[in-house]
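Every chain is named by a letter (A, B, C and D) in the order it is written, and numbering of its residues begins at 1.
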Amino acid sequence: MAGFNIMEDKLSNAQIAWRAAQDIEDGSYVNLGIGFPEMIAKFQPEGRDVTYHTENGVLGFGKAPAEGEEDWDLINAGKKAITLNPGASFFHHADSFSMVRGGHLDLAVLGAYQIAQNGDLANWRVGSKGVPAVGGAMDLVHGAKRVAVVTDHVTKDGKPKLVETCTFPLTGVGCVTRVYTSLAVIDIEDGKFILREKLPGLSMEELQAVTGATLHIDGDVADLIVPEDLS
Amino acid sequence: MAGFNIMEDKLSNAQIAWRAAQDIEDGSYVNLGIGFPEMIAKFQPEGRDVTYHTENGVLGFGKAPAEGEEDWDLINAGKKAITLNPGASFFHHADSFSMVRGGHLDLAVLGAYQIAQNGDLANWRVGSKGVPAVGGAMDLVHGAKRVAVVTDHVTKDGKPKLVETCTFPLTGVGCVTRVYTSLAVIDIEDGKFILREKLPGLSMEELQAVTGATLHIDGDVADLIVPEDLS
Amino acid sequence: MDKTLSSPAEAVSAIPDGAKVMIGGFGGSGAPIELIHALIDRFRETGSPKALTVINNNAGNGHIGIAAMIKAGMVKKMICSFPRSSNAEAFNEKFLAGEIELELVPQGTLAERIRARGAGIPAFYTPTSFGTELAEGKPTEEFDGKMYVREQWLKADFALIKGQQGDTVGNLTYRLAGRNFNPLMAMAADKTIAQVSELGAPGTIDPEQVITPGIFVDGVVEVANPQQEEVLVRTGVVH
Amino acid sequence: MDKTLSSPAEAVSAIPDGAKVMIGGFGGSGAPIELIHALIDRFRETGSPKALTVINNNAGNGHIGIAAMIKAGMVKKMICSFPRSSNAEAFNEKFLAGEIELELVPQGTLAERIRARGAGIPAFYTPTSFGTELAEGKPTEEFDGKMYVREQWLKADFALIKGQQGDTVGNLTYRLAGRNFNPLMAMAADKTIAQVSELGAPGTIDPEQVITPGIFVDGVVEVANPQQEEVLVRTGVVH
């Protein structure tokens, strides 16, 4: 499969979300960050019982309501209308972040501007200009038992997002343990990126060339295979 | 009225409680310590609306139920059965002590082994022997807007309970602002005992003789007059 | 001890210039729009209260609520976690012009700092923000092998909150996710004013279902059919 | 994610020797007597679990519950605020004989230390106990002109708690003042086991009336007509 084009043959966001969804364990409590990570819920595998937490004080929420059916007191952290599944509960913000900070969530999945090989994450602002906004990201990266990232492998202008050291302002230090990108699945262990899966058409050299820090191998590297057609 | 006998002519606990009750303000939130201070509720003046807090998580409790009507899930901090007044609420222990520590109570009234002229209180243990137990006393002395004490003026063997410096282990530092004793009402201001009221038959000299620190006068000393017959 | 207030206007009448005001809600969910608008109306009529510090998760949306407060020029400083919304024009303009201050606080730390004031805890340690620019200048310490940042309580003179059911002694419940910051702010402010959709006599709320006990509430005003910020924003309402 | 356990015996079967166990209740109010008795029965049959550290407001009463645990010799250490009761003989004897350790913690500090663990807060400052022997050796600091003591979170391996209504995903309500420490311990322990008087399917508790969300609960067992410690003590029952 010569001629792999990083920008054209990469996975779509839906495909990255699908891949991340496969790792969500049955019976787990999960917080999905605003935006792209939220898409993961759509691809939750059949038969897995997952409870979603949103930091504004709801546990066990379900799909978005039909248009016109929204109740704007019933929203998620992204201010989108939600519905409740049986067994849902409401609580105030301090209890909600007790769930986060206290280590009660099994998994938090966030987006990223940059991820460093030591697990540092930068995902809240790109520089010092404009209006900064942090929300719950800095809380979520500490506390959840596993913190994963879903992201394009490179920036829009082709620069690596996986780097030796973050240059953007940090969200958290040494917090990310797994990264699902548009090209690969990479674990972070002992300050190193460990390649677990990559797209089958992509060579190690091609992948390393768009990665800003050394990719290490520890055992097999599996093919990253996802459904072609995801809506 | 010559021949005032400190041990015989002093106020009863009920009379001390009655006097303390007169100062409870309308609309206030009050915590009464286990034992003697609890008696104060009985003498709450007519027409005053007082809400009682108990640290095990009830606000707005009322009288004890009739014997045989007790529900042992509905108790106060002294583990006595209580009833609820309209507008009562339940909450967990952290919220309950938030009310205490966060300055939301208007008044806490406690018993005492010793009170020092700087407001230090010793009321949880007499020495280092036996089984120590502190309960909520150390929390209650910090937080309530006013901390008052009800106590006999002297110990059973006639020693002063109002002292220059506490010799028993402290419950709190500089926390008491008013003391209702069997002989007098005394405020604590700027590290001094200020005498406000004393039993009419008792001379200043007699009172000072059973007080372990200087009693100061700041304005009038009123007669401490309470009903004779309190049940 | 009847804490009933007759109107939103009366409810906000004591807030002075320069006050620190916590305002409940997360976006439009649980936002006390009528109390906010009463405060804006008072400012337009009297020039007061001005130079307010407002504590909320966000910094307003569209042309109503906190956004309208900012637009009106009553707000000196925002303390929030996320001053972004579908239409954050009011805040953005003032901020980029240097006409409003911003203290940015991670959302969980914001909640915990508010709760800490209510609970009489002047400072606590959190892992949140360690190693980031939001922790600069703050003491740090290791506990059980992990690094933590020390944060202090967040005080306020007033809280304006929104409940669902209320009674005249100040007990409150909330509606759905509208609970969010409201119970915490009720604990934290020196004076807490609640608007409620239904106001009843003491005893109308089951004691086991009270979320905010009345001890935390100083005044309660019934606003029977409260406006929803999100609906106002979506329909382009300007206050 | 059905968290239902078949019996109190099954519910306590995983607690090992040396475990730190939080036990809910304040006196007999909200005390999970059936779980405690199942633990004692297991100890009598198997010799395990022993050398437990028990965290509760009190240290047992009469000859049942925590008092019976202590009497049976399963408890190495009590962490509590008030080891006194109408009949504290079990604790007193062991304590005065030097056969049980005691960590005495002011009641509000005990509650806050438990909550702190649940909330991921390793340490906090409180005015409680400043200047007393219970603050000896602890860091102190001044905030806003007042002195405070630094306290650390309190961890536990297990919590045994008592709820009123429960559902199979672990949501709980409590009965009257039986709430007390139960919701805090549910947050704080690595594994939380709840006995409930009524166990239903998810959805049987109104989401607004859930006191302990299921995320804090690992196992739930129905005990339809639970015993009340106070009644057992008053009728002289011995377990």
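Going forward, a residue touches a chain if its C-beta (ideal position, glycine included) is under 8 Å from a C-beta of that chain, and two chains touch if they have at least 3 such contacts.
Bear in mind that the values here come from a model prediction, so they are computed numbers and not experimental data.
Counting C-beta pairs in contact, the pair that comes out ahead of the other among B-D and B-C is B-D. The geometric centre of chain A is 57 Å away from that of chain B, both derived from CA atoms.
Computed from the mean C-alpha positions, the centre of chain B lies at a distance of 30 Å from the centre of chain D. Between the CA-based centres of chain A and chain D the separation comes to 37 Å, rounded to the whole angstrom. Multi-chain contact residues of chain C (touching two or more other chains) are listed as 112, 115, 119-121, 126-127, 174-176, 208. For chain A, residues that reach two or more other chains under the stated contact definition are 90-91, 94, 97, 100-101, 142-143. Chain pairs that touch, as defined above: A-C, A-D, B-C, B-D, C-D. Chain D makes touch with chain C in their complex at residues 112, 116, 119-127, 141, 143-144, 146, 148, 152, 173-176, 208-209. Of all residues in chain C, those touching chain A in their complex are 26-30, 57, 81-86, 88, 91-92, 95-96, 102, 104-112, 114-115, 126-134, 147, 174-184, 211, 228-231. Within the complex, the chain C residues that touch chain B are 1, 115, 117-121, 167-169, 171, 187, 201-203, 205, 207-208, 210, 213-216.
Those residues of chain A lying in contact with chain D across their complex are 26-27, 29, 49, 51, 53, 59-60, 84-91, 94-95, 97-105, 142-143.
Residue ranges on chain B touching chain D, taken from their complex, read 54-58, 71-75, 79, 90-94, 96-97, 100-101, 120, 130-139, 142-143, 169-173.
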